[in-house]
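Chain lettering (A, B, C, D and E) follows the sequence in which the chains are written, and residue indices restart at 1 in each chain.
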Amino acid sequence: MQKIGVFVCHCGTNIAATVDVKAVVDALAKEPSVVFAADYPYMCSESGQNLIKDAIREHELTGVVICSCSPRMHEVTFRRAAASAGLNPYLVEVANIREQCSWIHKDKAEATEKAIILGRAAIAKALLNAPLIAGESPVTKRALVIGGGIAGIQTALDIAEAGFPVDIVEQKPTIGGKMAQIDKTFPTLDCSACILTPKMVECAQNENIRIFSYSEVESVSGFVGSFTVKIRKKARYVDEVKCTGCGLCTEKCPVKNVPNEFNLGFDNRRAVYIPFAQAIPKIAVIDPDRCNMLKNGKCGLCSRVCEAGAINYKQTDEIVEEHYGAIVAATGYEISDVTRYGEYAYTESKDVITSLEFERLTNAAGPTGGVLLRPSDGKHPHTIVFIQCVGSRCVLEKGKPYCSKICCMYTAKHAMLTREKYPDTEVYVFYIDVRTPGKNFDEFYRRAAEEFGVHYIKGAVGKIVPRADGTLDVQAADLIMDEQLRISADLVVLAAAIEPSKTARKLATMLTASMDTNDFFTEAHPKLRPVESPTAGIFLSGVCQGPKDIPETVSQAGACAAKVIGLLSKNKLTGNPCVAHSDELMCNGCSSCANVCPYGAITYLDKEFRMPDRTTKVRRVASVNPAVCQGCGACTVACPSGAMDLSGFSNSQIMAEVDAICR
Amino acid sequence: MNKQDLKEEIVRMSGSAVEKCMRCGKCSASCPSYEDMEYHPHEFVYLVEKGDIEKLMASESIYKCLTCFACVERCPRGVEPAKVVEAVRLIVIREQGMNRLKPDDIPGLWDKDLPQQAIVTAMRKYTK
Amino acid sequence: MQERLKARARELLGDGVVTRVLGWKKGEFSYDITPAVFESAEELERDFVFDGFCGANLSKYLIQEASKPGKGKILVFLKPCDSYSYGELLKEHRIAKENVYAVGIPCEGMADADRIRARGIDGILGIEHEGEDFLVHTLYGDERVSVKEALAERCLSCKSKRHASCDELIGEEGEDVPDDVRFTEVARLEAMTPEERFEFWRGELSRCVRCNACRNVCPACSCENCVFDNPASGISQKAAADPFEENMYHIIRAFHVAGRCTDCGECSRVCPEHIPLHLLNRKFIKDIDELYGAYRAGESEDGKNPLVSYTEGDVEPSVVNERGRA
Amino acid sequence: MQVNEEFVPTIVAFCCNWCSYAGADLSGTNRLPYPANVKIIRVPCSCRVNPTFILRAFQRGADGVIICGCHPGDCHYTTGNYYTRRRMTLLFSMLDYLGIERARTRVEWVSAAEGQKFAETMRSFVKDVTALGPNRRLEDLRCRKD
Amino acid sequence: MTKIAYYPGCTLKNKARALDEEARAAARLLGYEFEEIDEWQCCGGAFTTSRDEIATKLAAARALTWARDHGGRVVTVCSACYNVLKQTNAAFRTDSEFAAKVSRYEKTDPPYRGEAEVVHWFELLRDEIGFDKLRAAVKKPLKGRKIAPYYGCLLLRPSETLAFDSPENPTVMEDFIRALGAEPVRYAMRNECCGGYLTLEDRDAAKKRSAAVLSSAVEMGADCMITACPLCLYNLTKNAAGPLEIRYFTDVLAEALGLKEGGENA
């Protein structure tokens, strides 16, 4: 037998001025199962709350209905009061008779009648309330950062600084990412390496940070607070502990013709190599595809010269299993494939390069020692054409529909630096729009045009014709002059679209984190929760969430760290008990619910059922992870059999409210 | 036809999504007939989108497009300017007496090596 | 064709590829053909039929038949339209694919016995395709009926002679049939005034006796337990005591199969009251095709159906009013 | 249909907790009136609204049902209202097909800041439904009020 | 011997008769019998892109329907025919309104819906015969010859519909040239338009286009240029004076296969 107590608040005159509170009490007192009904000037006050608590104890109430202000205002207050009197807090219902009744109606009879109906609906729902217990789950106080570029580095440093251990998993042999390859940074033109390498060193030295370089995430299971992750440490064939990074092996290795990835193939490395001088960790790695010893057992030179005895040809991949409370995706970006734009002759001429390649050609630590020389003949280029939006803002299948965001600024930087260093070089930039929202960005771009004499031309390049004399005939449109131009260039630089790392899609699947059609991770809310994935416990840092420059990446990395710290500083996570649950006997296992779940909270089990004829039958049934479910209810409507229901907002409860209102 | 009808007719005939143009000019940068045209491919798209089509109809430019599709191939927005030019030209030559090339003209243009292909193609382009 | 199917079934049984065969056998009358499971060559020889009355879609029976543990594989014959139902059930994990050997068979359209009898032909013993006609064997000799006049409603608007999912094909693979007439009736209803539509459906749905035949035969309505039998759903009910309940039942049923219905037409075929239930499903199919792009349920074993997916640029629900005005 | 001058329709409004219910609260806070015959049911997200709820409301005598949710793209649960949009578009189209008056059902996107819009929406919806008169086509006669 | 429906086109039956004869002879040698389509009509040389153009596409439609009923494929040698037939075929596949109108008008039974497949002789050489087999069949390798392939526009664009080769970096003609024992010359203007039909009305304009193509090839060291299009051949020969010899690709093919020894004229 249910015993409901009804409490009607006057809210001073806020409610009482338009709603006849006494009439409401009288009407609701007559409802079935209502054993107590009272009113009070301020139900949220301490004495108001005491009235509720006393009634719960005295009348052994099984449910409480409070007619007051919006539940968004005081539902928590009243639930706490009920809990302190020993009643499950989820047996409390609030009827909103202030914001949605007394404040909008003037006619007292009308408002009173509506308040009564709202009260009845709340009673009808309360009668079907079930006590809910919010689940608690422990928090593993360790974070995983996937990706060791500037985004991952900054996030890891900030988390470590707050005292939590962090692991960085980086697929390359060193952390540093794209920023390590860049020469200077806009709009201040400070040297990229000079600001990045101290942070890399800090990562190596911070006791709270472990770096798994040359490693990949193999699998992820669990949920917010307690993820289990398997990490594959790829074989380097070099003992990480013994190697001192002296580099002797890389000097002696006889295989000299391996294209150097770090310099984008402009020069060569050996089969055993350290990616670059400031690499972290500074440990050699053997390229198994090129090493003679690993391929056919003939060589072993590096092993002989290594005084530390670090070379180990028998090393194999190692799988490490770790536990984390939070996971950060910081997988960054890649340069999209420009060979898809054949008109730019990237494959036809060595002197058509991408902007990242240009960075290496102007970097003091690069293959040319920072002297800008043409890749084809090593001569100094006198005319350079920069082409914007190569692949960006292209709605064709081969392109990217979005703006890559960083190209306008780095091209201004390239153009300016070129003109500064080589005043005899003419620089043309073909643009569609120059986009410079950012502090000191437009000023920077204008300086390139005004002070450095860079020729900005509004228009596009249609075709590049490599000539026999080694020049590049650039055929373009100048839309402001309304003319077709031909520029004989020595070097053409393509501002290629950036795209999310190819590894991101696979990772997102493992993390059950959602992605957009361009393979950028989706944020939980585009404005209000920009560094969290909709999947609880997964956070986003850097370009994996959308194109950004370094300052933006670093700010987002910090924000991401703050969210992770907030999570890790909790000892326990209290879940929201108003989550979905599936009735196994009704479930078909059809996957409709999982298809609409934005959190990946639903998994399927093959479960054995006893049939009436004593046989058993194995059926696929849905199972909701209450720690992951956020309680939106999308699944409940997708479910055809009604097996899926939502605690706190169950089918029968909402039906009861409908019935009460339409009665 | 009024402006709006004319625009709709051209969009319908060409199937071109002129509103997708982002004014990059790659069509005009790619156009081999550029210097012989008064209005260039990007202007065709722009003026059709604005509904300002009479200018184009009156221009010799409609007869200069080679329909070589370089603009169609390279447009990053899938706008297909060549089809827009062809639609404007068809609107013009479909009008009574607007045939650009008449059978009687052909003997004057004749050259013994000229392949039939040149004549049939030109007839198709210039004549209704 | 019947002999070819039988021969292949015997072969597969004999080779041990399958242990059972899901096919058709004659019921009380020669035209009332029922699905049946055959376990031996003898049973096949005695009872298996395949003729112009084999309209029944066998795919739904696989939910039960393919989940019998330790019973091995079952052979099933699927006409093109049946194979879409099968594909949809595979997609929804309702059938254990590893327990099924699906053989696609060609179909030239199935006859509606009622239409034939309406022409005064009685004592029907069997039916065969012969060119443009059906040759109907009767107690009183053979009769010819042109295919167009004898085809079942759903075959008149056949969607495809191409199979979706199957392991093997007997005969030539067919092609999609262009949609010319499929939505004509839906469009006719759409063109009516709301009052006329209301009257039309009132007239149709009020005949519903809630026998649940539509639900039982529908390959998309394959729930372990129906929502209308689920006490927690708040809408469980048995018989229609008020016209509202017929509305509720049929709207919800159509909504639950929307995006999953392969338009196999079984619901209308089995309805004892001849309610054109397929017109509800087709309305959803037409709307989905028009609003979200052409979609054919069951065509692929993976992907998401239109009601569990979305695009950011989807039309607003107000489109219903706007279309109504146009 | 003849419109009864005194007819006051029963309207059920399903509002998502995060945007529209808050928007409704805001119209109260700003004292923006709308008719008292609108009764709001709070749901976590518009995607929680099952077509059966809507039909049930009509069965029990509601004259109009409106569903309010966050604007597409702003859903608290990221994607819920996208599903609402598809489901309700198709459901409403089906109701229309069965001859149920179109103006009895509506979906509106109301954010937590749009108190004004909420009140205006309710006023216009009530006006539309009032003009249609009582719901007779989806009502369960056994539930009919006098 | 594989039989395949063959659409020669107007120019091949007239000004470019050699192109037709040599193509058939080479095809026979490589195992294909070109079966000329009954009463074919001129394709019109250009595909009218407008969706409401029906009459200008009927000739191509008839040829395609014939091909559907005679083996399902049609081969062309001329770039323009290839372009028109293939684009018309695509219109049948993608535009059901167009398909329905044509079928009604032509009383095609069953209605034509783009079932036939249009192939260029180059595609057969590349995809079915294979350049290795071609290389083996060459009797007189064209050693030391530096041949510039000229694709022009009609073979390549619109690439989405034609899917002949990469529209910006095609390779089929280069591979073909290599198979004949010659050296292909890469030059950037190989996929740019020669000026086409403009030669009839505005010869100066056509001259500029052709000159740009030719000078680009000459600059890269070519001594010969091959094309598959009679109009290109005309423009490049007549509208631009240069040191280059311009030939049909079938002509060099016939030469390499030793089909020109019997005193047949080039």
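Couple of notes before you dig in:
Criterion: contacts are C-beta pairs under 8 Å (C-beta built on N, C-alpha and C of every residue); 3 or more make two chains touch, one makes a residue touch a chain.
The shown structure was predicted, so the numbers you read here are calculated from the model rather than taken from an experiment.
Graph distance from chain B to chain E, where chains that touch are one step apart, equals 1. Looking at chain A and chain D, the chains in contact with each of them are C.
Counting hops only between chains that touch, chain B reaches chain C in a minimum of 2. Set against the Cα centre of chain A, the chain with the most distant centre is E.
Once CA atoms are averaged chain by chain and compared with the all-protein CA average, the nearest chain turns out to be A.
Here the spacing of chain A and chain E, counted between their Cα centres, is 51 Å.
Between the Cα centres of chain C and chain E there is a gap of 49 Å. Between the CA-based centres of chain C and chain D the separation comes to 36 Å, rounded to the whole angstrom. Multi-chain contact residues of chain C (touching two or more other chains): 227, 233-235, 307-308. In chain D, the residues that reach two or more other chains under the touch definition are 51-52, 56, 73, 79, 83, 87. Residue positions of chain B touching 2 or more other chains, listed in rising order: 35, 70.
If you check the complex, the residues on chain D that touch chain A are 10, 12, 17, 21-22, 24-29, 31-34, 36-37, 39-45, 47-53, 56-57, 60-62, 73-74, 76-80, 83, 87, 119, 143. The residues of chain A lying in touch with chain B in their complex are 343, 389, 393-396, 399, 432, 458-463, 475-477, 479, 482, 484. Residue ranges on chain B touching chain E, taken from their complex, read 12-15, 32-33, 35-36, 63-64, 66-70, 72-73, 82-83, 86-87, 90, 100-101, 109, 111, 113-122, 124-126. By the touch criterion stated above, chain C contacts chain D in their complex at residues 186, 189-190, 194-202, 227, 233-235, 241-245, 247-248, 251-252, 254-255, 258, 280, 283-284, 287-288, 291-292, 306-308, 310-312, 314-321, 323-324.
On chain A, the positions that touch chain E within their shared complex are 341-343, 345, 347-348, 463-468, 473.
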